[in-house]
Structures are given as C-alpha cells and as structure tokens.
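Structure, as structure tokens:
Chain IDs A, B and C follow the sequence of writing; residue 1 opens each chain.
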C-alpha cells in the first residue's frame, strides 16, 4: 500500500495502541510487520476521513454512519471471544498471542446497512432507558466489576482475573 | 497566597494527580502555573483540614459535611461534560486541553446546605437499594463498561473510546 | 519450605503482582520477606496444579473445584474490607499497609465443600439472569463506576476516591 505515512508516525500510534491495549486487558497481534501494516491503514483512514476507521472495511466518510467501525469497532470484543481475533486480526486474544491457539477466520458480523440504520434510529429516538436489558450483565466474582456484553471479557480490566471468574449478574 | 508549602511538595502532588487523571481519562488544566496554584491550595487545605477540600469553595472542616467537595468533587464530572471544566478549572475536558474549545464559566451546582443535609440523611437512613435508579446507566458499546451518571464519561476508562460510543443501558 | 523455585522467578511474579495490585487499588503486604514466601508458595502451586492456588489453603488439583481459591481468591475483597487483610495476608488494606491499623486474624469464610458444590450447580444450571440481585450494587459518586459486592471497594479503581465516596445504587 503506497502512502505518505512516515514510519515514525506508524511507530508512535503502534506504541500507543499497544500500551492502551495491555492496560485494558487487550492484545495487539504479535506479528509486528502485519500489525504495522494495519496501523498504517488506520493512519491512512485518519488522513482521509478524520477518524481511524477500520482498515479492513469500507468507510462512508460520514462519521455517524461509520461510528461502529471506528477502531476499536463495536464488533471487536465478541469476535475476540468467539474467534480469538477481531475482523482485521489487529487485536487477538491472549491464547492466540501466546500461540496456544490459532485465530480462526472471522466472518463479518456487522449488520447490513438498513439494519444498522434502524438500530441507530431506535437508539436515538429515545433518551429513556430501554424497557429490557439489551445485553446480559456479568460480574467479576473477585472484585465485583460489572459489564454488559454477550460474553464476559477475557480478563477483568480491574483485577486481571480470567473470564472463568465471571458470573451472570443480571 | 502566602503559605508554607514547599515547591517540591506541590510538584509531587501535581505529578501524582496528573498521572491518575490521565490513567482514568481525565486531564489537568494545561496552564501549568494556574494549576500549580490550585494544587498548592489543595495542600493548604490538607494541612488545615486533613483532607484536600476544593480550593475554590469554603470548607467547614467537618469531613462528613465536606465529603462532596473533597477533590475530585462530586460535581467535577457533570461540570466537565457541560462546561469543559470543573468549578475550579483544575480539571478540563480533552477539547479544552487541546485548545479546540474554550472552557465556559462554571456556575456552582453544589446544592445549598439544607438540601445537602436532607440528601445525606436520605442516603444514610437506609442501607437498602433505592426503589428507582438515581442516575441513568450508560454502556460502552465497545467493551461493555457500565457507569451511572447524568451523561457518559468523556472517554471510556477501560477501552478509551470517546463518549459517542456509549449508549443508554438502564 | 524447600523448593526448586529460583529467586529470580519469585522476584518476577512479586513485581508483576505488585504492579497489578497498585493499578487496581490493591496492596501487597509491605513485609517483603513474608510476602516473598507467599509468592513462592503461589509458584509451587503453579508447578503442582497448573494454577496459582491460594498458598494457605488445600487445593484439590481439580481446577473447577479450586476456582474460588485461585489467587486472588473470591474472598479477598470481603476480607480486606472486614479485617484489613486477605486470609493469607498477601493482600492488605491501605490502612494496614501504612501502619495506621493492624490486620486482624482472618477466619476462613470459604463455605464448606457441599455448600460450594450446590452454589456452583445453581450458577451453572442456568445461563439466564438470576431473578434477584445476588449482591448490592455500589456507585462511585465522583465518576459513576458501578460494582456489585457486599461493601464498596477501598478506592474507586477508576478515579481513585476512597470508599466513603460510594453510595448504594441498586
């Protein structure tokens, strides 16, 4: 991919993303050259659109339409839980990072455009609380951290215990 | 403000507050001299009262009455969301920090004393769960982090995505 | 305790646990030699069982039966809140760390085996949300952080304010 992104800028964002990932219990793909390519793609998108849209998906350039695919995308965490990697394989699970497991091919879980539009309109049409919980709530049995996701996180971002220490709370 | 606080002590607390702020998704005011003055005020209050009461408000010296204005005060986050700065301007939003927006004058949102007293008594009169939620619950669409506040935080403290990635959850 | 754990390995885990503890608002026991002994015990258990079972309790070697006593155990946080130390005294409260208070003897709060088995079966028998909340939910009055535990955490892991700034939310 020919582009004008200086190497130092790629390295700077790489280092930043890596530090943030590790602090939050996430991991960049350990294949450094592959990952640098994706980080470079993020910077190309930042120049083009003004935000770091996913380098593996086609952005519209309208921020409000691309919000769910600004990296990290809304789909990263369910993909990490199910396949060991996000759609781009920029982020991988601990097992994949340490070579205990191979990442699987990740099918696109982003809903098609009309469905996304409908979901967004529903969200925006009301500032009131939804009448039912949109996601299960998980509780870390060690520190009590709560989060609402389809599956618990790989590690607790507060006390670092693994997924198996979470229980369904609501 | 003449006082006996040694410069090194001000610098030490400044550095500590700055590191904690950035780790949690907050920012100290980038005007270093202004901010040092406030940090010095915090230390004056610590000497006087035993806790770092807000340097811009009058403390009573009774910890239980001043709890809501021990820095960071209970009003910082709503003020950051609405005005780009806390009441003292010790903390500012990312937009204000980077100069994209100017902080607005921040009116005092702390309720008057009788009202605070009443609220505290209500809280203390029961250890049971309130029958209705006192604040809306927001969910980070990326990592599932939940928090209860009038508006979502500026960035997700877990995965660092901005406010626009939050949705109303309860 | 004679064992084959090299000193450097003990030091490595010690440093790692210490950094994680401080980042999450926890503290290792400041008695360095005592704590090194416990860390060594964790490594002995890791060699023996494949996971860092509590060095002060008898593990079965079946991970699913020992899950609640893999360090940090499910009982650390209530013990810290009530006694100022966990069962092993590997973790201590800030007051104990700074010498303001002495840790008290910590009785074993782990339920007996049949009760644990029953609780686990109940958890596993359903992936649905429990009909009532198993723990009270606490809210940090400063940043809105939510957690579900018997008592609020010693400090807010997000904005670092102390326990007294939490209120009952659900």
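Things worth noting here:
Keep this in mind: a residue touches a chain if its C-beta (ideal position, glycine included) is under 8 Å from a C-beta of that chain, and two chains touch if they have at least 3 such contacts.
Owing to the predicted nature of the structure, the values given are computational and were not obtained by experimental measurement.
Look at the contact of chain B with chain C and you find different residues on each copy: under half of the numbers used there are shared.
Note: Cα superposition of chain A onto chain B, rotation of 120 degrees, nearest 5. Averaged Cα coordinates give chain B a centre that lies 29 Å from the centre of chain C.
Residues of chain B in contact with at least two other chains: 133, 137, 146. Touching chain B in their complex are the following residues of chain A: 20, 23-24, 26, 67-68, 70, 72-74, 76-77, 123, 126-130, 133-135, 137-138, 146-149, 153, 157. Residues 133, 136-137, 139, 141-146, 158-161, 164-165, 167-170 of chain C touch chain B in their complex.
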